[in-house]
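Per-chain numbering from 1; labels A, B and C assigned in written order.
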Amino acid sequence: MNAVRIAWRVTRLNFRAQLEYRTEFLLMIAIGAIWQVSVIVFATVLLTRFTGMGGWDSSEVLLIPATRMLAHGLFVLVLGRVHLVGRQIQEGKIDTYLLRPMPVHRQVQLAFFPTNAIGDLTVAVGLMAGALSRSNLDWTPGRISYLIAAILGGMLLEAALFTGVASACLRFPAADYWGRWLEELLGTFGSYPLNVLPKAVGGFLTYGLPLAFVAYFPAAILTGHGHDTGVPYWLAALSPLLGVLAYLGARLLWRWSLRHYTGVNG
Amino acid sequence: MAVLHAWRTARVTPLGELHTPPRMTAVLLRLTVQVILVASLWHGLYSHTGTTAGLDVDQAVTYAVLAVLASRLRELDQFSGRDTVIQHMHFGTIVYWYLRPLPPQRYHALRALGEQLYGFAWALGGYVVCLAAGVVEPPKSAAVAGVFALSLVLGQLVLYFVMLVLDQLCFWTVRNNAAMLILIFAQNLLSGVYAPLWFFPDWFVTMSQFLPFQATLSVPLSLYIGRIPLSDAAGQLAIQAVWVVLLFLFTRFLWRRAARRVMSQGG
Amino acid sequence: MDAGIEVRGLSRTFHTTVRRPGFTGALRSLVNPERVAKHAVSDVSFDVSPGELLALLGPNGAGKSTTIKILTGILTPTSGEARVAGVVPYEERERNARNIGAVFGQRTQLWWDLPVRESFAILRDIYEVPKAEHAARLKEFDDLLDLSSFWDTRVRHLSLGQRVRSDLAAALLHDPPVVFLDEPTIGMDVVVKEQVREFLRYQVEERGRTVLLTTHDMTEVERLSERVVLINHGRLVLDGSLDEIRRTFGSTWQVRATLADAHTDVAGLPGIAVLRHDGPQVVFGPDGPDAPTVHQALKAVIERYEVTGIAIDEADLEDVMRAAYVHAEAI
């Protein structure tokens, strides 16, 4: 309980710290608006151009970017700082964290308040609202619960991937580079029905880089395309659970890597 | 002597990369995977569509792959070299830029030039491989190739100035990391890296015509694939040139303000 | 060209925003920031002669770095005037840049991703140093700083001591007549510190460079400089030799004498007071502003009394500076 109280206190302080830099804070809000417009345009533009993408109609496809964006927004808000581990290692901050009586992972997360997450989440909620209003599906409690589970699972899966990169950074600081690529890949390929891609490429995005489990598989299950995703139905349906498992695994990896952390520059 | 310091400064980035072979391997791998993914994505998207937004599948794939290659031109890991304005502001080492007889603006431009030339070597290598593998189409004519080359140079100049404005912002807000990411995203979106601007709604295309971003990539690539016909090329090149001049004046103004700010705050 | 430094009535005021405490305070500062003026340097004047090493001393936040930044041309003063080797640094920054070299504590000017020698080469071309001259100077620096053992290493892999030595070399490669060093030896081990001091002494004595140094290390001051300027709260407190400082703030010597006859009648001498008297043990200390130096006092005591044993405790420069800072605080 004490941990929660400290976390809450630090978060409040961090939020205040964001207010300290006036220009920066106002800029973030202004820029949030640009971000919002561009993402929605980007998500809808391809759908209107390529109707019937992969056998999905456009209202169904919209569910993919909406799920991904919402999961991503929550990730940025709750666990997004894991992204900056590479830089924190290079600046020697991890060494300071190791001296304090609080888990390093939590200190990383409490490093600052992600003002930009507010923008991300606003966009995502808007997009999700749009997707749901255009959807012809019957939104039963079961479907809604599955969607929520999928969003949380997607968030955890994304967190797991970045925690994996962060763990690698602890041992090889240069791995930071892969984090940026990962982000780009998630952003570029996370929003399509992956069955438009050749089998090998789709397979890579399923088993190599498990991008498909973030939004594509859950959306396929919800819209009744679950049987033609290229993976067994049960596997696609278990996406949210896989997110949880992946995150737990990543945290174990993190703990193991932290024990083997050697620091930079001696 | 001026040539010498230009050469030394310009080669900082390539040299840094050569001293870190794993980074080069990473670039190669990333570029390969990205080209394959992008090419297959656009083939996939077009599988039920003939021509949309005035682009057929070959044009779209060529555009997308060239966009991936071109974004290599200035996408290096500058952070690892600790020579970005934001890092110099953070570590307080920006003072050294103002302690040397080389003006900071020239140093910055030379560093970027070296970086862009190094990136160009990568892009050119990738282009030759893609052309040989039939992933991209060759330009329709020698005239198209020439206009494209000219437009690409102008586009790179515009890109340099846009990135420079982002760097210069750091003189005023040290903590604009997230803002930078978002602006870079805007640059990628509005320059047509993620998807050709031709796919976007009319209002979006109109809006981006008033912004410098499309001049960086969308214009040269559209000239290459023939989406902008040669007859319209002169006008487009002129617009690019106007952006170069405007941004040059604007960034020069910002450099002066930045110097004044450093001189009044002490870096 | 006169390679000295002239500072006349230099002042620098910064304006900062006050941060109100608390959450609502932060919100209010966001909407309606309140600004205050802070006088980092006020009316400071001093000179450094060509070929002299001057230590600029003062507690943290006294205005040392601000002064150095003005003299290097990075900062414009609010009022007053400065000349470095005849150039007004903040008016002709680039001309000044050719005349000076500077190291700011732990901030490195070297290129992080490149071997040290590459950084030297870049600077050589930026400062337009002829190749042969560069090579000769590099050789000279290598002899003093032992650079060649690590100059093919990338900067990111250097230890602090190696990096500061490289930075020192980098700042002097273009043979500047004037050198500014802002806490150059901070955080370094004694061996490296000694090496750096030796290097600096060589640069001043053999190469005739003018050096302005800030440091908190009093051993360094004692070893390197004849003259110090002490500032606090942006104001000049003292400009003089180390002896003068000692005389002003550090006359805290004690002479402990053991008298041959425990029943001697002990009284003070001119400028010397008896601090304690216990049987044959007497402790003398300075008395008043005209107190003699410890050596004069020693002589006076021996001449006046018959002693069987005598010892002196002289406050070291650390103590002197502590007294000086406390004194400066009081004005």
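In this section, contacts are C-beta pairs under 8 Å (C-beta built on N, C-alpha and C of every residue); 3 or more make two chains touch, one makes a residue touch a chain.
Bear in mind the structure is a predicted one, so any value in this text is a computation, not a measurement.
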{"item": "Chain at maximum distance from chain B, centres defined as averaged CA atoms", "value": "C"}
{"item": "Per-chain CA centroid nearest to the all-protein CA mean", "value": "B"}
{"item": "Rounded Å distance between chain A and chain C, as computed from the means of their C-alpha atoms", "value": "52"}
{"item": "Chain centre separation in whole Å, for chain C relative to chain B (CA means)", "value": "47"}
{"item": "Mean-CA-position distance for chain B and chain A (Å)", "value": "27"}
{"item": "Per-residue overlap in chain C, given as positions that touch at least 2 other chains", "value": "156"}
{"item": "Residues of chain B engaged with two or more neighbouring chains", "value": "20, 80"}
{"item": "Sites on chain A at which at least two other chains make contact", "value": "none"}
{"item": "Complex interface listing, chain B residues touching chain C", "value": "1, 4-5, 7-9, 12, 15-16, 19-20, 80-83, 91-93, 95-96, 98-103, 262-267"}
{"item": "Residues of chain A that touch chain C when the two form their complex", "value": "12, 16, 19-20, 22, 25, 264-266"}
{"item": "Residue ranges of chain A in contact with chain B within the complex", "value": "21, 23-24, 27-28, 31-32, 34-35, 38, 41-42, 45-46, 49-50, 52-54, 87, 114-116, 119, 174, 176-178, 181, 185, 188-189, 192, 196-198, 201"}
{"item": "Residue ranges of chain B in contact with chain A within the complex", "value": "20, 22-23, 26, 30, 36-38, 40-41, 43-49, 52-53, 77, 79-80, 172-173, 175-176, 178-179, 181-183, 185-186, 189-190, 194-195, 199-201, 204"}
{"item": "Chain C to chain B touching residues, read off their complex", "value": "14, 65-66, 69, 72-76, 90, 93-94, 97-98, 100, 102, 104, 107-109, 111-115, 118, 121-128, 154, 156"}
